[in-house]
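Chain naming follows the written order as A, B, C, D, E and F, and within any one chain the residues start at number 1.
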Amino acid sequence: MALSRFPKFKFFNVTVPAQYVVQVEINRPEKLNAFFAPMWFELKGIFDVLSHDPEVRCILLSGAGDRAFTAGLDVEQAAKADNPFSSNFPDPSRKATVLRRHIFELQEVISAIARCEKPVIALLHGYTYGLGIDLSSACDLRFCTSDTKFCVKEVDIGLAADVGTLSRLPKVVGGVTSWVKDVCLSARPFSAEEALKNNFVSQVVDGGKAEVIQEGVKYAKYLSSKSPVAVQGTKNILDAAWGRTVEDNLNYTAVWNAAMVQSTDVQRAMLSGLQKRTPTFEKL
Amino acid sequence: MALSRFPKFKFFNVTVPAQYVVQVEINRPEKLNAFFAPMWFELKGIFDVLSHDPEVRCILLSGAGDRAFTAGLDVEQAAKADNPFSSNFPDPSRKATVLRRHIFELQEVISAIARCEKPVIALLHGYTYGLGIDLSSACDLRFCTSDTKFCVKEVDIGLAADVGTLSRLPKVVGGVTSWVKDVCLSARPFSAEEALKNNFVSQVVDGGKAEVIQEGVKYAKYLSSKSPVAVQGTKNILDAAWGRTVEDNLNYTAVWNAAMVQSTDVQRAMLSGLQKRTPTFEKL
Amino acid sequence: MALSRFPKFKFFNVTVPAQYVVQVEINRPEKLNAFFAPMWFELKGIFDVLSHDPEVRCILLSGAGDRAFTAGLDVEQAAKADNPFSSNFPDPSRKATVLRRHIFELQEVISAIARCEKPVIALLHGYTYGLGIDLSSACDLRFCTSDTKFCVKEVDIGLAADVGTLSRLPKVVGGVTSWVKDVCLSARPFSAEEALKNNFVSQVVDGGKAEVIQEGVKYAKYLSSKSPVAVQGTKNILDAAWGRTVEDNLNYTAVWNAAMVQSTDVQRAMLSGLQKRTPTFEKL
Amino acid sequence: MALSRFPKFKFFNVTVPAQYVVQVEINRPEKLNAFFAPMWFELKGIFDVLSHDPEVRCILLSGAGDRAFTAGLDVEQAAKADNPFSSNFPDPSRKATVLRRHIFELQEVISAIARCEKPVIALLHGYTYGLGIDLSSACDLRFCTSDTKFCVKEVDIGLAADVGTLSRLPKVVGGVTSWVKDVCLSARPFSAEEALKNNFVSQVVDGGKAEVIQEGVKYAKYLSSKSPVAVQGTKNILDAAWGRTVEDNLNYTAVWNAAMVQSTDVQRAMLSGLQKRTPTFEKL
Amino acid sequence: MALSRFPKFKFFNVTVPAQYVVQVEINRPEKLNAFFAPMWFELKGIFDVLSHDPEVRCILLSGAGDRAFTAGLDVEQAAKADNPFSSNFPDPSRKATVLRRHIFELQEVISAIARCEKPVIALLHGYTYGLGIDLSSACDLRFCTSDTKFCVKEVDIGLAADVGTLSRLPKVVGGVTSWVKDVCLSARPFSAEEALKNNFVSQVVDGGKAEVIQEGVKYAKYLSSKSPVAVQGTKNILDAAWGRTVEDNLNYTAVWNAAMVQSTDVQRAMLSGLQKRTPTFEKL
Amino acid sequence: MALSRFPKFKFFNVTVPAQYVVQVEINRPEKLNAFFAPMWFELKGIFDVLSHDPEVRCILLSGAGDRAFTAGLDVEQAAKADNPFSSNFPDPSRKATVLRRHIFELQEVISAIARCEKPVIALLHGYTYGLGIDLSSACDLRFCTSDTKFCVKEVDIGLAADVGTLSRLPKVVGGVTSWVKDVCLSARPFSAEEALKNNFVSQVVDGGKAEVIQEGVKYAKYLSSKSPVAVQGTKNILDAAWGRTVEDNLNYTAVWNAAMVQSTDVQRAMLSGLQKRTPTFEKL
């Protein structure tokens, strides 16, 4: 699809590779797609819009260039001049207040992905470091090339990861396993194969970045052919399973579905099943 | 064991393949063991009784015939005449109320398995679709033949799974992993091998249905030779671990065991251990 | 390091194999390192001190002798004379009260390891039975030799494990999986390979006990070279992920880091990174 | 209303004092409405039916005779012959199992009132002891005569209240206050005035039992004139507020109302408001 | 203070009646300060800014004109032309999706007040209906005139309150009391006196609107003279108490204060106390 | 009772005013019973012992001298020489770590009272400031003289209360009410009458300190005449109600009572009731 109906963004390419599928590409390849302040806010805005856009049923998140999904925070930029944290504070508690607000702000960007109503698939290649783990942990699925290099890098810059990795990695790979502790405490890089074995990615695609994008588009098209009421409800209810009891989750599911099974999708899906046709569904 | 002390059920064969072991077989093979209304209530009744029956220490849940554990909901029956959901409702909120009650009712059937005091082992073969996942996720262990075909089918009929899969699958395989999202969002079938790799089943038994039943009976006999106080307490406490904190679970465990270690089982088990004899335990 | 600055303990050898690294060795090899009353209290005292000792950044927990990490409770001792539980109680509720207090007391010992601010690595070999699972589940990482023999043994002595295994094993391997239910309900032994496959241990070290210790020391030295603010914060936040919602955990993380990123570690780590030097960090 | 469309129950009078209003009267006045086994099951059955009956919008729970709402458990009956708890058990853990099942069974009766979709108002007079507190704490509102005598009696029969009072009284009066601890620990009787002051009852009606019934019917008729979608949703959401976070409750509320504001009630209520007419609503 | 440093808002007057004190006045008196779409977004923007403004230590929320704090939603506007909910939807589940998004959007406005870092005091007079309860329940304190008329109005327009009242009123008055159920289920108006008796407002000020504003300003000045680190921390920690365990809240408190007691406020406050002087504190 | 069987403590008088009743008196009247380091540890030790002592059924906590229960922290001592917090730290994060440990340590002292198995009644008179609120909020009941002066003092020394008040006051008075926010944010003193009206104390005793002690002893004797199994179980279960759901609490209650109703107390209590005799109970 040559033209996108989306506006131009400064640091992200937003395109429509197939009907109902949107690809968001982090676009700062000359810096390994490392993040600095203005990128964050663009990213949140994009996902807030896609979440409610009825033309969108599945989102792909990828990185421009051959070398990285994202190398993480742009440390040079972070160290620069107008950094509010280098300024003088009357005391550590006041500095803590400003830092806490700043962390919340960044967490909200990542949470915009996690809260997006449509499934989001991270398509990973090359360096996927630090923030790259935060971002992809907030996605629903992760595909990667065999040469992807992962690293929960934060310990190496002297801090505990604070914008989502430590909260979402246990949810995404299942518990606070030996492996989660290992990669988070040591900040050691790990390979695609190790990511697959530990259930962080759901597939390692043969070939390079082009192939993983292709596979992502194919999967996204497949998901987009399904009932959007069913797909988006499934995402929402699964995410509510973590940190809550089975009993509370069952009750929540019943309340959710009491409205959502009143869709035309159920009839269409059943009928198409019996007639061996591909159903089409109204927008959502 | 030729004769069962259990009554005849219409849609389930309830037999006693070994002392303390009960096998519940879904018995509608001509319809791939698909479920329709009267089956649900029979099933709940059976598990409510087995839960408290002191002659029962382990339960096997399997499907009759060669082709399926269960193909899930009987969609044809569900689409039929006297379906309360086809009737007219004054407005969507009133329809939602009736639907919510109906979902709760079905959830209660599945929860009767999950709450059963005795360990329940699902023995799977052939089609294990939709409701087959709800049912087996509510069991404690899952064994399957190598030709079992799994599918979280609900998205394909236009709805989010609502009688237990989305609440229990994350508990049972560990978190809301890439794999859980993949199979729940896409409704794609998956194999026994994949189920094993992702910790949904604990073993794939070589051979066919007869072999998995045999293996199930063998395992159930083994569990039934253990202290029932120990086995049933272990099940109860493990299930409480999900969605609650370690601190709360430790406290609960201590309160539970304060009563339960006052059994005669502890002495018998220890003594038998020292004397290299097989202990016997009182009923529970 | 020949001399330890730690006092002599009766049942534990506490040594310093490398700077910032402390090894706690269970030292009752003639009894397969089985535990009895006086050992518990020593162990709690040791971990309470190490948790706050600024000279300590990583702790190794291992067992003396060639045959066992620990075979678990010393059943013979437990069965002996002055056992308070053999005394007469006016009624089962009063006995339950004394038992409950006793279970809490033992849980507190295991929890002292889990709550220790520094990462703790269990180095396992030989018999790792019963209490050995409780102890190692409370550690952050588990390495083992290929001949380690694991067993959640409690069902075999007639009780549900009550000092931590049932609460922490699901956290550590991810959920209440088929495998967790299998090994906890059946009390069947399992191998190092199985432990690795199910994410209970993060590596099986080639060779024997000497090699796993060597690997542990190497890993501990590596962790100790990292920012202790970052490492200890990561441990704390990850442990809070279990049984709580992502939203609560994100908020907790922000509050934690608002203080903790005000360390000198961040500057030192970043600068060293740019200068390709190894940073050193203040004690913590 | 002279005739009831409800069947005759042995221990309860179920009548219809006004359209949409049902009164359930505990009817064993010769024993101060004290409960014994067969009454429990009748009570559960009644509330399960009323919960879903579209002709019912508000339920009153009261006690027959002049002397008591209920004096609680019928201790004489409980002490009698065929009591399963006087039988011999092999050990205290097996007795505990049977007791636990029995407590769950009784809790389920009380919970049937708490889970009833329609608002339930307890109309109290005379002795409201023990079980009387369990029952009325499970209701939504409590009105009483000025001579009502309350008592959380269980401590006086040697046990902690276990069918609901200790779980629901804090919810109903707000926290584990000095007053809650006082009346629960001491088992001292308290007056209507004290119940009002501590927010247990919402009004003390002047006069005797007839007046409190009259007031209850009046209030129930008033509630029944309101939108049943609005009233029943309000009850459900308020009950979910206890023991959960504001954030979780807000999300649950939005999911609930997404279906429930699609009623015809909203238009009818608004229009009637503008036209100063009394709206009528479809059944629910 | 004659001039405000705040911009002009269309529906709110934002003024600075005293140092560190900001008053936000709902300004649509000709419509009893009833809310319609554009007002919501202005309100959220205002509180988001005030939350972080270091010149602000306490916020007052009041209503312009003599007759109302706010009469709630502007039902006429809500019923008007371009209402997205009157448009056609393919099915009730798609309408539910749009409604759910809309409810979340409105909840976020109210939550902006609840999450505001600075204490917010609602100053109430006249009609305080529907949304007026949602707004004031999200504040920290509520003062009112003796002629304030309160009403949880939503049931009267056919729906369960869904932007905060049902989640926050139980938190604010303590539990799901008889009184909370009464006023929420019946939508009956209640008086200032009743609001005081049930702990919804902390004082009823003698006189009219002018007096309650005066009292509010006086209290706000008093709070603003205290350490802002202490005041804002107290607000944050108290709000975290609801729906979480004491143990979790204690841990959170310790982590919070580890940073926040490193303020200069502690020294200044202590020294001023000893010297009987009024301390001044750095901005926050 | 002239002689106590308890050892002499330096800062506390521990006496036995009646059978089964122990009075712990804070004994530093010359400093208004203000706390400094050595007192904390003594206090924890005392409550840990009393919690398990079978001769103890009820505990009274009071302050020596005429002027104060306790004026709170001894600020002069806290400001003194060897204060670890005045020493130099490499950075605020390391100082935060030491502070966090210190706060946990003090919290554990207060929690020792809250966790004490026996009911604890705070008997308050004179200054009950700061720590006095933390201590008494951890008790089960609070009685006071009419001249007691209360104050949540911490805001006035520049910090949020961090050893328990903010976590337990909402539990104890019911929610995060207007009143809780008012007294915690403003640090304004409040009277006995206000404490009673807001459900913080359960009675204001006429007369002075002697009378409140007398009333406390009388109440404690009364509680001690009841079944200790029933009283201690009631305390435990009620405390678990806060921050957890009704469903979880009901389950916990059933598990607790399955052991605890197997006491001899039930028979004795019932029989004594029928025979109008005062029962005696075994120690616990």
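Keep this in mind: a contact is a pair of C-beta atoms (placed from the backbone, for glycine too) under 8 Å apart; a residue touches a chain by one contact, two chains touch by 3 or more.
Everything quoted here is computed from the prediction, not taken from an experiment.
Asker: Give me the chains shared as neighbours by chain B and chain F.
Answerer: Of all the chains present, those in contact with both chain B and chain F are A, C, D, E.
Asker: Is the number of contacting C-beta pairs greater for B-E or for A-E?
Answerer: Spelling it out, more C-beta pairs touch across A-E than across the other pair.
Asker: Looking at C-E, D-F or A-C, which one is a repeat of the B-F interface (more than half the contact pairs shared)?
Answerer: Selected pair, repeating B-F: C-E.
Asker: Report the inter-centroid distance (CA atoms only) between chain D and chain E in whole Å.
Answerer: A distance of 33 Å separates the two centres.
Asker: Please compute the C-alpha centroid of chain C, do the same for chain F, then give the distance between them in whole Å.
Answerer: Going by mean C-alpha positions, chain C sits 34 Å from chain F.
Asker: Quick check: how many Å separate the C-alpha centres of chain A and chain F?
Answerer: Each chain's C-alpha centroid was found; their separation is 48 Å.
Asker: Going by the contact rule already set, what residues in chain A reach two or more other chains?
Answerer: Touching at least two other chains: 92, 95-97, 170-171, 173-175, 229, 242-245, 248, 255-256, 258-263, 265.
Asker: Along chain F, where are the residues that touch chain B in the complex?
Answerer: Interface residues on chain F, with respect to chain B: 244, 248, 252, 255-256, 258-259, 262.
Asker: Tell me, which parts of chain E touch chain D in their complex?
Answerer: For chain E paired with chain D, touching residues are 75, 79, 92, 95-97, 99-100, 103-104, 107, 111, 114, 154-162, 164, 166-168, 170-171, 173-182, 184-187, 198, 242-244.
Asker: Could you please specify the touching residues of chain E with respect to chain B in the complex?
Answerer: So the residues of chain E in touch with chain B come to 92, 95-96, 245, 247-248.
Asker: Quick one: in the complex, what on chain B touches chain D?
Answerer: Residue list for chain B touching chain D: 52, 90-94, 96-97, 101, 117, 229, 232, 259-265, 282-284.
Asker: Spell out the residues on chain B that touch chain C in their complex, using ranges where they run on.
Answerer: For chain B paired with chain C, touching residues are 119, 140-142, 170-175, 199-202, 219, 222-223, 226-227, 229-231, 233-239, 241-246, 248-250, 253-263, 265-270, 273-274, 281.
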